[in-house]
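So that you can tell them apart, the chains are marked A, B, C and D in the order they are listed, and the count of residues begins at 1 in each.
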Amino acid sequence: MEWPLTVTAVVFLAAYAWPILQPGLPRGWRVACGVLTAAAYVVFVVDYVVRVAVSQDRPRFLRTHVPELLVVVLPALRPLRMLQLLNLLGQLNRSAAGSSFRGRVAAYVASAATLVVLTGALAGLDAERGAPGANIETFGDAVWWALTTVSTVGYGDLYPVTVTGRLVAAVLMLAGIALLGAVTASLASWLIDKVSADDDAADDAAEAATRDDIHRLLDEVSALRAEVGELRSRKG
Amino acid sequence: MEWPLTVTAVVFLAAYAWPILQPGLPRGWRVACGVLTAAAYVVFVVDYVVRVAVSQDRPRFLRTHVPELLVVVLPALRPLRMLQLLNLLGQLNRSAAGSSFRGRVAAYVASAATLVVLTGALAGLDAERGAPGANIETFGDAVWWALTTVSTVGYGDLYPVTVTGRLVAAVLMLAGIALLGAVTASLASWLIDKVSADDDAADDAAEAATRDDIHRLLDEVSALRAEVGELRSRKG
Amino acid sequence: MEWPLTVTAVVFLAAYAWPILQPGLPRGWRVACGVLTAAAYVVFVVDYVVRVAVSQDRPRFLRTHVPELLVVVLPALRPLRMLQLLNLLGQLNRSAAGSSFRGRVAAYVASAATLVVLTGALAGLDAERGAPGANIETFGDAVWWALTTVSTVGYGDLYPVTVTGRLVAAVLMLAGIALLGAVTASLASWLIDKVSADDDAADDAAEAATRDDIHRLLDEVSALRAEVGELRSRKG
Amino acid sequence: MEWPLTVTAVVFLAAYAWPILQPGLPRGWRVACGVLTAAAYVVFVVDYVVRVAVSQDRPRFLRTHVPELLVVVLPALRPLRMLQLLNLLGQLNRSAAGSSFRGRVAAYVASAATLVVLTGALAGLDAERGAPGANIETFGDAVWWALTTVSTVGYGDLYPVTVTGRLVAAVLMLAGIALLGAVTASLASWLIDKVSADDDAADDAAEAATRDDIHRLLDEVSALRAEVGELRSRKG
């Protein structure tokens, strides 16, 4: 059930991005893109409604899928539907055999950050271009603005002035906080592992007893029991 | 004892927010709101004094409740009393059964961040609107400013110029650092769990001995002791 | 040996701060403050040289005390000598009995952050006030600038333009990164503890074997050995 | 095989930095520096191609060395080749005996951050100086801009306007996120160790059973088995 949605998201991304990147697109193409994005929107709404209908524990589903609900209900958050592609990243990631868990997390975070920055740049440019007092006018500027926002640097040379642009910025800020958290958490997890591995190598005798140790002990006790059993049988 | 305070905080929030959000409010309503916020203030002071009076270990209470003292003493920090509502969030959270500890922390952090941003926007707007050289003039702008501050992006398109506004900003910055820390800590805790679960699955024999292992060993030794006891009784 | 240095740091702080906070100070007082800060500087240099001379492992001492060396050698970093007061904070902290380790870390981080912000504001104001193109002109502005720098918000309404001011800003940025790291680390440590405590409570049987378990097992084996010993003595 | 590359990187750094730091360099020297940087570039390309050719698991090598590929292919990222010097730092670090693992990580992070800031300042200055609308015109300004970017403060007094300058800024932002993550992770790892050491000291009996405990138990069981063996031999 995931692949049709992923294809829909790719179609949505293309039909959404093309008129934004090509401001001089003829009217016909522009209308076609609008129809495609509207169709993709309908697919997402139907998917959400069906999943609510078939879910076992409906209150829990609603509670844990608030972002999907917001995307379906709020028109300003329409571009977020492109984040559906994160599922595709997740699946590519899972099928990439031979990597450590931490390596897969790093690959996922890097590709998700790239997708979020490009999506945010598209949505921000769409919202800001032509607005009175706006300063984000080209796709290059929009990518640069998205980068300074995700990294929480925020020079202030470019910033959104419309409500939609500021909503996009808020999503980028949240993504930036999550990105920073994920990088830090990966480094912390790696460092804690390394340091405890160092400690382990240092003092072997003070290490926690392992199942191997217990099994060796069990073997010893079993041999003892066998000897006692033999002692008794000789007597009888 | 918590619920009356929570109701007081909700009343305070409404009476505080209304005149700020409706600059054209008639004088009568404005006075009524002022009376209500003053009454709520008295309730908070009385609550603080009573809690100091009945606390077992007074020096420890004073030491661990410095924020409450500051809120009671400094007029500029009055809006912080709305953070009393964080207790309400905490209680709703505890009663939400069936969630993991980490899930409850995430829900609490998300709702606390939303409350802090909205409260900060209200207090910042109240402090800044009409001040000479100020650039935060509408509630929308104030929310946007609070968002850029909490996320530590700080574009600089909007910033406070009054002392009160800067105090509000300082609280928002602290909240931002705490938010970033909480997100990172949650991700780190999740990742460390996942990685150690992976390691556990990989090598079962090198795992720490569990109580189960020890109990199986104890059973073996007890059986052995019973055999020896029988051996002795046969002899007697 | 720490207390004389702490007193010197307090005197240095007072003699350094007074002329900065009171631009209209008479010339006599200004000269007296200059003499006091110079004297305190000599004390710090002598202390550093003596500690190098008496240290057991001199290369290691030099390697781990690079900040002290920079403070002694670079005139622009003179205000950093106030950070000597962090030692005082550390001692007050250690003597505060009855707190958990994590509580003491939190108290130390909070007071160190306050000291760094105030020191940075003083040093930044001293460097910037009167410089061509500078925008930090009052102590209030300087504190606000130090806050926006430490929190890494960086609105850009105020920023240093002199080399000394930018060095002070670099120290504040480093302090901000350390502050963010300390807050995050404390939250992560607390959360990891809580989650593992939850896990422990959930499944007791899968817990690691404790020394208590082993001692109960040892008692059982000892009793068995006593019985066998009795068996043998009966026979002899 | 690492040392020739390191020497090449040092030569590249010198030949790259000199014309940037000395805008008035005579044409002859300028050409010589250009030849040297081009030669160093060829060395890096050859090194990359050879390493791809001799690698055991070529797809894995390509996947884990994406940054090297980007540096070889994209001219705008040429200055990143200076980060080859990070390998030198890593080797110096490994040979620094007598330090803890965490100490070595801290030393590596500090020196890597310094190298990244200086390299970023050079590359940013090279890209921005003379561009229309650019505000980074001297090396001092460039270092200051790199600092505000790496620390994610981003005042916005200086910011890049060219595509190359923005690419350099993006690398600095990534380095800043990694720096913040590394500092936080080190503090978290230290704090988690300290807190668990505190816990260990507090309750010794509830500690995990160590290999020592198991060995003492094994000795006891072996002695018992010897006694039973003697019992049997007496009988025979």
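Basically, contacts are C-beta pairs under 8 Å (C-beta built on N, C-alpha and C of every residue); 3 or more make two chains touch, one makes a residue touch a chain.
The chain list, named the UniProt way, goes like this: A, B, C, D = Ion transporter.
Computed from a predicted model, the values in this text were never measured in an experiment.
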Under the touch definition above, the chains in contact with both chain A and chain B are C, D
Most remote chain w.r.t. Chain B, using mean C-alpha positions, is D
Field rot_deg for pair chain B/chain C, CA superposition, rounded to the nearest 5 degrees, holds 90
Distance between the CA centroids of chain A and chain D (whole Å) is 25
In whole angstrom, the CA-centroid distance of chain A from chain C equals 36
Among chain B residues, those touching two or more other chains are 148, 152-156, 180, 184, 186, 188, 192, 208-210, 213-214, 217, 221, 224, 228, 231
Contacts from chain D onto chain C in the complex sit at residues 98, 140, 144, 147-148, 151-157, 179-180, 183-184, 186-188, 190-192, 194-195, 198, 204-210, 213-214, 216-217, 220-221, 223-224, 227-228, 230-231, 234
Interface with chain C, chain B side, in the complex: residues 60, 101-102, 105, 148-149, 152-156, 159, 161, 163, 166, 169-170, 173-174, 176-178, 180-182, 184-186, 188-189, 192-193, 208-215, 217-218, 221-222, 224-225, 228-229, 231-232, 235
As the complex stands, chain A meets chain C at residues 152-156, 184, 188, 208-209, 214
